[in-house]
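Shared between the two complexes below is chain A, which has chain B as its partner in the first and chain C in the second.
== the complex of A and B ==
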């Protein structure tokens, strides 16, 4: 058990939790959180596998930095869409989720 | 690897998985958001453990900080329009069960692929190390972002501009803080803002030879702007000068690339002799633009407040 293996495995688990949350959650804000969690899982795997050499491989680090910034952009745009939907339709659930249960 | 740090790694990795699970299952969205911010902070600790200080800085400032502020703000706006909580906890019906099984399969596959990687694989670290003397900087992450993978970073800055355009178009943002901030926040902002500007400048300069760079510096600057907005609400309306500053970083980056192309080189291929100063130039412009972009993403379009809303 080395740190790269530990964090890469945890990253895979976090990715899967995020993916399931993204598919299963009904509240759109929770889906946005889940999308971010899923991205963090991918970043964990990338950076963990880059740390297997010493010094670590800088290319995955640069990829993850780009990914973090793009994730913030996606989150901001998604939240703006959610707020607009909430204002216009009075619900924070997607239309297909509103009548269930 | 000593036993103590192994225990630390195991606890940290376990905590991250636990937090991810809790924040997706808690029925109170506010608590979930707080856990999400804690998750981001712990994640930046994990980056430090994995020898990725550049990523740790960005994660703490952007991933946990700016994203957390954005989600909390959205939650407050949703709350004002009705209950933001998820009424019922998730029930496991057939589609969700199938989804869970598929996701578990994916997890097993990922775990298998991690464990079966050849042990001696070095990735691109040798190639990067060989190209470092020609990159103009000493920090390999900065060299990779601004020189080797300049195209990606150029388009990344374009994505930031697109996000601002989207937020402005949706016009979903405006709403000043509910209650005026207390005197403590006011004093805090007065004390914190000058050091924050200095730290941002330092991070930008340090990016050439140590962990840091335009994105980390911009995040610190933006955090200062967001704090200032919380203490004394201001409008960053969709005006010409704001648009100009937001496009400035992209314009400088593109101009450098095009100039190099017309002077006989290739697009964005920095010449060895001037690479250092060109990277610093691009990073300075990018930092100012990115910082304002983050602030605008948080403050949003203030046309509603001015009473000129057309929607």
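== the complex of A and C ==
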């Protein structure tokens, strides 16, 4: 087991954990967090991918940077929409999940 | 003008316009929006002509070139999508001017606040720029970025409507984000295997490794969620049904085509060497299920906008029936013609729904008696777009379905042909149900009129959907001259 393989497997595990959280959670904030966990797994895999060669491959690094910017933007938008929904409708669950409460 | 400058204009005009509209603010946003729409659509049509004359070409941004740089490229398939976006986008922009002027007048008379309606312009132009970037991208990661630009601006546009649209926007965001994460994991696996992100290089290097199949499956799942193919369609009707009319038109006519375009690009081109017969059959089967399910759901809707939104679920299904038929000649032309005429007629239908909402104050189908007498232009637009959506001759919808139908019969695949015909009957049932109300005696004499710009643009778009009947041969020639594959 070389370090890149270990990191890549750990990244894949984090990704699967996040995916499970996204599918299992009902509270929208938890789902947003789960998506961010998924994103971290993806970035970790990309960094591990870059480390297979010496010196490291710069392209995956560039992808991670872009990915982080996108993730920050989308998370901010999601949180803004969630606050608005909470204020207007008094619930942090999507309408289809509310009666299960 | 060189080929490259048409491409630069297509990409830069909407992005620049979006930034300018944001800086200019409330007073000048709509003027900048219309100007940008004119320039952007002219550039994309110019680009389509350039491709039809000179064939496909690549453009190394900044002179770097793949694999280090990010190449833009355009071929006939991309050129058709770009021209479609340009023409329909211009009409949506004109409609939006009338729409928001009407809203402002209404708000002024009832002294309510419409909210920051001018924000429509920067977000709509950004959405347009994102779609153009997506069609011009020749590289997997650039496509991801373009998908996110389209997603973020689309979500912002849905949320403009407020109320129950907020939850719909949030649902769309969560699913879209999960979809793009799955897509990016797929991209990562492909890069690990083939050390390139460029579509052209990938197509040459690809082979049937297990990791390649995993990558393809993840990317496909992500893109299916984004293109709302059955059974991942559930987010679409509330999002498209609750948004403001010009937003619904843009999302339903144009944005859903982006996922379809990428899947065509991947499965009929990049992944073609994998031996993809069972995958294309699977995509076609999902499409067939979408045609039937969307049609049945549309038939049961009580609100006009929700019905039109479910109709989109069904019509996306038609496009995916291209996949199993792709080896038959003429099927790609047929599916693209269907996509373009659907963009026109669906935009027109959502515009009609917006005009009806402006006059009646509601869109309950049961209470729309006599809308033909009150708003003849809208009723005519509704009827013409229905003809194209159902697939009655002469119309773009007819020519497209005819090509798909003959491809299915030529291949002996009568079951696909049966679904195409059955779906047409369902479409006729739910659209004619609404149209029947147009001819009844009006119950209430409404004094409000929809702004002329709104009614006229919907009629023009519907007319274009009919005229697409005669675009079959030019489109066929373009796809063969411009090297779609």
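By definition in this document, the second predicted complex is superposed on the first by the 100 of 101 C-alpha atoms of A that agree within 3 Å, B and C clash if a C-alpha of one lies under 4 Å from a C-alpha of the other, contacts with A are read in each partner's own complex, and residues count from 1 in each chain.
Keep in mind that, in the parts below, a residue touches a chain if its C-beta (ideal position, glycine included) is under 8 Å from a C-beta of that chain, and two chains touch if they have at least 3 such contacts.
These numbers were taken from a predicted model, which means no experiment stands behind them.
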{"item": "Which of chain B and chain C A:35 touches, first, second, both or neither", "value": "second"}
{"item": "Which superposed partner A:73 touches (first chain B, second chain C, both, neither)", "value": "both"}
{"item": "Which superposed partner A:59 touches (first chain B, second chain C, both, neither)", "value": "both"}
{"item": "Contacts of A:15 with chain B and chain C, given as first, second, both or neither", "value": "both"}
{"item": "Touched partner set for A:95, first chain B, second chain C, both or neither", "value": "second"}
{"item": "Touching partner for A:81 - first (chain B), second (chain C), both, neither", "value": "both"}
{"item": "Shared chain A surface residues [contacts with chain B and with chain C]", "value": "15, 19, 32, 45, 49, 59-60, 66, 70, 73-74, 77, 81-82, 84"}
{"item": "Touch list for chain B against partner chain A, complex", "value": "1, 5-6, 9-10, 13-14, 16-17, 20-21, 23-24, 29, 32-33, 36, 39-40, 43, 46-47, 49-52, 54-55, 58-59, 62-63, 66-67, 70-71, 74-75, 77-78, 81-82, 84-86, 88, 90-91, 96, 99-100, 103-104, 106-107, 110-111, 114-115, 117, 119, 121-125, 128, 140-141, 143-145, 148-149, 152-153, 156, 159-160, 162-163, 166-167, 170-173, 213, 215, 290, 294, 297-298, 300"}
{"item": "Chain C residues touching chain A - in the complex, by the definition given at the top", "value": "67-68, 141, 145, 148, 151-152, 155-156, 159, 162-164, 166-167, 169-171, 173-174, 177-178, 181, 184-185, 188, 191-192, 197"}
{"item": "Of all residues in chain A, those that touch chain B in their complex", "value": "1-10, 12-21, 23-27, 29-30, 32-34, 36-37, 40-41, 43-45, 47-62, 64-66, 68-77, 79-84, 86-87, 90, 92, 101"}
{"item": "Chain C contact footprint on chain A (complex, rising order)", "value": "15, 19, 22, 28, 31-32, 35, 38-39, 42, 45-46, 49, 59-60, 63, 66-67, 70, 73-74, 77-78, 81-82, 84-85, 88-89, 94-95"}
